[in-house]
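Here you go, one structure.
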Amino acid sequence: MSDFAQHLINGVAAGTIYALVALGYTMVYGVLKLINFAHGDVMMVGTFLGYGVAQKLGYEHQSSLWGVLAIFLAAMAACAVMGFLMERFAYRPLRDKPRLTALITAIGISFTLSYGFQLDFGPLPGAAPRAFPEIIAPREWLIIGDRAVVIWNWQVISLAIAIGLMLILQALVYRTRFGRAMRAVSFDHRTAALMGIPVDRIIALTFMLGSALAAGAGILYAIKDTAIQPLMGLYVGLKAFVAAVIGGIGNVPGAVVGGLLLGLVEEFVVGYSSSSWRDAVAFGFLIVVLLVRPGGLFGRVAAEKV
Amino acid sequence: MRSALAAVLTSCALALVGCEKKASAPPPPSAPSGGTAAAPSGGTPGVTGDTILLGEVGSLTGSEATFGISTRNAIELAIREVNAAGGVKGKKIEIRVYDNQSKPEEAAQAANRLINQDNVLLILGEVASSNSMAMAEKAQPAKVPMISNASTNPKVTEIGDYIFRVCFIDPFQGYVMAKFAHDNLKLTKVAVLRDLGSAYSQGLADVFERKFTEMGGKIVARETYTKGSTDFRSQLTAIKRASPDAIYIPGYNDIGLIARQARELGVTAKLMGGDGWDSEKLFELGGSAIEGSYFSNHYSPDDPNPRIQKFIADYKAAFGSVPDSLAALGYDAAMVAVDAIKRAPSFDRAAIRDAIAQTKNFPGVTGTITLDDKRNATKPAVVLEVGKGKTKYVATIAP
Amino acid sequence: MSECLLQASQVGIDFGGLRALRGFDLEVRNGDLKGLIGPNGAGKTTAFNLLTGVYVPTHGEIRMCGERVNGRPPHQINHLGLARTFQNIRLFRVLSALDNVRVACLSEARPLFPRERIAALRRRAGGSSPVASMMDALNNYVDWWRALLLTPGFQEEEQEITRRADELLAVMGLSHRRNEEARNLPYGEQRRLEIARALGTRPRVLLLDEPAAGMNTREKADLMVLIRQLRDQFSLGILVIEHDMKLVMGICEDITVLDHGVTIARGAPEGVRQDPKVIEAYLGDSYLAAHGMPVPPSPSNSTSETPAP
Amino acid sequence: MPAWLRGLVPVLIAIAVLAVLQLLLGHLPFFVYLASIVGVNVILAVSLNIVNGMTGQFSIGHAGFMAVGAYTAGKLSFLLKDVAIAGLPAVVSDQVQFLGTLLAGGAAAAICGFIVGLPSLRLRGDYLAIVTLGFGEIIRVIVQNMEVFGRALGLSGIPQTSSLFAVWFCVFLVVLVARRIVGSTHGRSLWAIREDEVAAEAMGVNTTGYKVRAFVISSFFAGVAGGLFAHFVPIINPGSFTFVKSIEVVVMVVLGGLGSTTGAIVAAVILTLLPEALRTLFLQLGGLGAGVSLAQKVDQIRMPVYGILLVVLMLVRPQGLFGTREVWDLLPRWIPRARKGLT
């Protein structure tokens, strides 16, 4: 029983990270219908930036409240700028071109970032993993029994941030002018432009928001798993994408639910079946969900107008 | 206009490859006697007036880039030292390194290029056994000697008589830790956590499980993870349920994370592993969680042997980091090669091969290397205990 | 009286809570030229989509040549002899005009198992039959192999298909556009190409969805002649959706009027033209009131809006 | 010439030309290896183009089918290594076995393609993409877990029976299939599906059936490509068939222009040779005075540079190198057209 509870906690913790990364995927997809393949790598870059800032701050300051805020804000701001540049120079010129084109560009950016960060000259970090500093000092939040089940403070913090972000994003999308404009652009950006919506600005802002989210998610991920390395974006990005699709890509609560579900499914496969089939089961779960609900759990397949 | 662009791009790509082929097909102008791709034994390939060209293939990018880069650094260090000491037979040594993106097909292609285009004298590398095997499949038919620095699967050197290695093979290292766990630590219940995507990890884990069971121990849990994953809590929670005395984790840098997460989950079992642990990252990633664990290795960094201390100091000075076991093996592979070239009567590849095969009691960083008739290195292993920021010698186990 | 080719009885469909069409009845016989009209959003195209199998009706029954086709995929319904054009032109844009028609002319192919046999099997099984599907698949694999080996029979067949496609292009006056990409054709010609393509499938009933949309008066006049000519030349039953009253009134012998998914009138053009419910549907209550006409009871439809299907 | 022979003429010509090439170039190991890798990628790109380009279904699980072919063929060859067919010279017997294993590999992949395609081709666009990706990964995980397939180490000891001739004959075959099927009215139906599924269905095209068939054929050739791959590398392990490999093939198809067979060929050739060309370029730069150490260092720059080039290429030519057209559609007017294949 206690290990069931522990698995549950592990699964939620892992799912939280998937959910956070999936949120960024889903935002960008919602507006541009673009699978931003480089999203995971933006996350990786953000994490390395956070790491750099933490190193600069030094051991004393990095775990103070201001230090943590500085790390998060610096990484998120830098990634927002990066997202803006990516959108401006790599995606915007292709907006009216076939969607696959932008996907290939995204793949190109992904390769450049992930392999580029494996280089070991100049300021680039090299391929070796780095230990991410404990900017949130790990503390047991809840202990049940003789350490049979342990919940850590950062697990609670991450989950709270994920759910908080989901609510904020949901409110942003459905309660603000910006959100209304986003939905309009998502529906049909040409018509939206005719209605006087500044389409370029909305898309750029969405991209910046998504990239900043990725950076935040990356740092939380680094706090959870304590190590960072250049290819991390590839794996987490793929899983998060799967999570977003399970939830119904383009749907904000769907991303969070999808992420949590995926985390739990993986966890329980390992816990009660064989760990070597974990990835197969994760993808199998995705396929089953899609075959039963072709638009994901919360998504709807738009009926084609005939 | 569009077609012109397409045509230009195509021809550029073709021309780049094509011109290299033409450039290197005729014998290099300074070569004493031309060795062409088709007849490797015809002259003294890889040797020009004042240089000897060696080749290396490594994973400089991709999932195994960490290992490839430290190997490359160490080989570079070795070559630098040799050249600083006047080279070999009056010639300087040059090394050409190709990346294989951690994939066998790229490794085969790189080896092919080294052999047939660059005409290297011999080839060094690789870490991953599948990549080494792909290279060996190309080196053996061309009769080019190859020394693998860290491929531990027995199959690698079985490919042919031109293929050597300077590291342990899986059966030995798996046995070392099983014996240590059983005899020295007196453990009976051990769990195994292995990397599903790594042949090294699989090989060690298989042998460990078998040997440990033969010795009367019990494997109480078997879990796996995949390359690139960073969350091991689910496996560890499952292992915790079986309450083992120790967990055998033949892996690389993942071990730091695994140790931390194990302690976080309240897993108190001892951790054990293989030479893949040996890296400065062990302490950085593992922190205090890794203290008190054991792993088998080629040498002990606190060995007062000046050879070892000099290597560690030089590597630190050159690359700013502490060498890992792969670096040490890379260094030894290069040194064994140089030693063989020195001993060989000529620069003929067959002669070099014979010289390598006769390597006996070579004083390497990773121990005294003797190549047996299966072209594998036989040397004793040491077991180290992880302490605060450094390791401590515990035992030596002979083959 | 000739046999009834296409028959819809009490057909209806719900989209979520919305009832886009209800109690729809229709019969098309050989030689018929019928019209389907109604204001925007009345459910005309929805009716087409139901008849051709794009949507599956939630109520009622549709029969094609006596066979119940509810829930059958559109291509099977097409094989029974029902072809259509689309309101918003749906040509295969990058294919040449000829190729557009050739794809439809695949009905000319002489497969291993004749289509009639497969259709008969399906009829006996009452809809879907695994054996029939298997035969269908085998047919196609064999066809692909023949294409690969360029067998003599295959070459003949291809020539036959091309010949027939050329004929149809000629009928529609498109021969000069034969090798042009469909997307580069002017609007009116695209509409005609759609008809040519539909004819390629050798239909017995042809559904035309706003064939005159975007055409000028002269083109419309030509189209009227053409539609009649097609009916006679290919012995078809034709059902037309059209906004242009003049055209509909001019060629259709029988008109069904839809409003808010409900059939509000049916009959000969003159009768329909004068029906107050029709006038109201098109022009609204205010028009009637202003002209001193009686305001009819509104159709019992609580939904205020029908979706654009 | 009898009509039944007409279809075989190109095959006979190809055999003759390739045989000559084999005799002239077959003894240059590096060239043969490079040409084989290029050939395998061309097969992958052209076959994927049948699904992604012509039928308009977005599949990114091609590496999975390649893996099925590679492992099936590789394992069979490994088992048959010491078996010879009686009454045939050893070389001939080897080649017959090789051919058999290739077909088996292709067939196994085709069966997998059918199993995957039947349920998932109902999905559209990005959803189909992620499902095919998922299937590709599942295949990889299965292989990784099976002792008979050597798990992480993979299969070794596969006889190197592949040759320049074998690889490029398969390239020829896949191109022939792509051209012939697509040139036929049946193939036009694939394009019809890509252009407008609803209309195609309304015109009597069994869209699901056509999509599944396109998928099966595409998978078959991916399997053949895998089989060839296994016989010249000759080590296969799961690391060679990750989704990154699938992505590489998709990139070739998109770069060449979706639906353009020659585009896929050209893109596959360029993208396969590009890293090798960069290697040469860097070596020469190194030779120009930057020092050999640069050449050593920069071999790892190839991959980031490859990424940047992808971005630049897509920005410069968003529709791919050739759009939906073929190379000969773009030749200057005075060169006689081979055959306006499509109409």
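Couple of notes before you dig in:
The letters A, B, C and D name the chains in turn, as written, and every chain counts its residues from 1.
One rule holds for everything that comes next: a residue touches a chain if its C-beta (ideal position, glycine included) is under 8 Å from a C-beta of that chain, and two chains touch if they have at least 3 such contacts.
Please read all numbers here as calculations on a predicted model, not as lab measurements.
Hopping across touching chains, the smallest step count from chain C to chain D is 1.
Should one ask which of A-B and B-D has more C-beta pairs in contact, the pair is B-D. Farthest from chain C, judged by the mean position of CA atoms in each chain, is B.
Averaged Cα coordinates give chain A a centre that lies 35 Å from the centre of chain B. Each chain gets one centre point, the mean of its Cα atoms, and the points for chain A and chain D are 33 Å apart. If you average the Cα atoms of chain A and of chain C, the two centres end up 47 Å apart. In chain C, the positions touching at least two other chains are 54, 86.
The residues of chain A that reach two or more other chains are 115, 118, 234, 276, 279, 306, listed in rising order. For chain D, the set of residues touching two or more other chains reads 144-145, 198, 300, 303. Residue ranges on chain C touching chain D, taken from their complex, read 52, 54, 73-76, 78-79, 83-84, 86, 90-96, 98-100, 102-107, 109, 136-137, 140-141, 143-144, 147-152, 154-155, 158, 161, 178-179, 197-198, 200-201. Every residue of chain D that touches chain A in the complex is listed here, in rising order: 58, 119-120, 122-124, 126-127, 129-131, 133-135, 137-138, 141-142, 144-145, 198, 243-244, 247, 250-251, 254-255, 258, 297, 300-301, 303-304, 306-311, 314-315, 318-320. Put simply, chain A touches chain D in their complex at residues 29, 33, 35, 90, 93-94, 97-98, 100-105, 107-113, 115-116, 118-119, 121, 234, 238, 241-242, 245, 249, 276-277, 279-280, 283-284, 286-287, 290-291, 294-296, 301, 304, 306.
Note for the complex: chain A touches chain B at residues 3, 6-7, 10-11, 13-14, 115, 118, 120, 126-131, 138, 147-148, 150, 152, 221, 224-227, 231-232, 234-235, 266-267, 270-272, 274-276, 278-279. By the touch rule above, chain B contacts chain D in their complex via residues 2-3, 5-6, 9-10, 12-14, 16-17, 19-21, 37-38, 60-61, 63, 65, 69, 72, 76, 94-99, 101-105, 108-109, 112-113, 115-117, 129-131, 133-134, 137-138, 142, 153, 155, 159, 195-199, 201-203.
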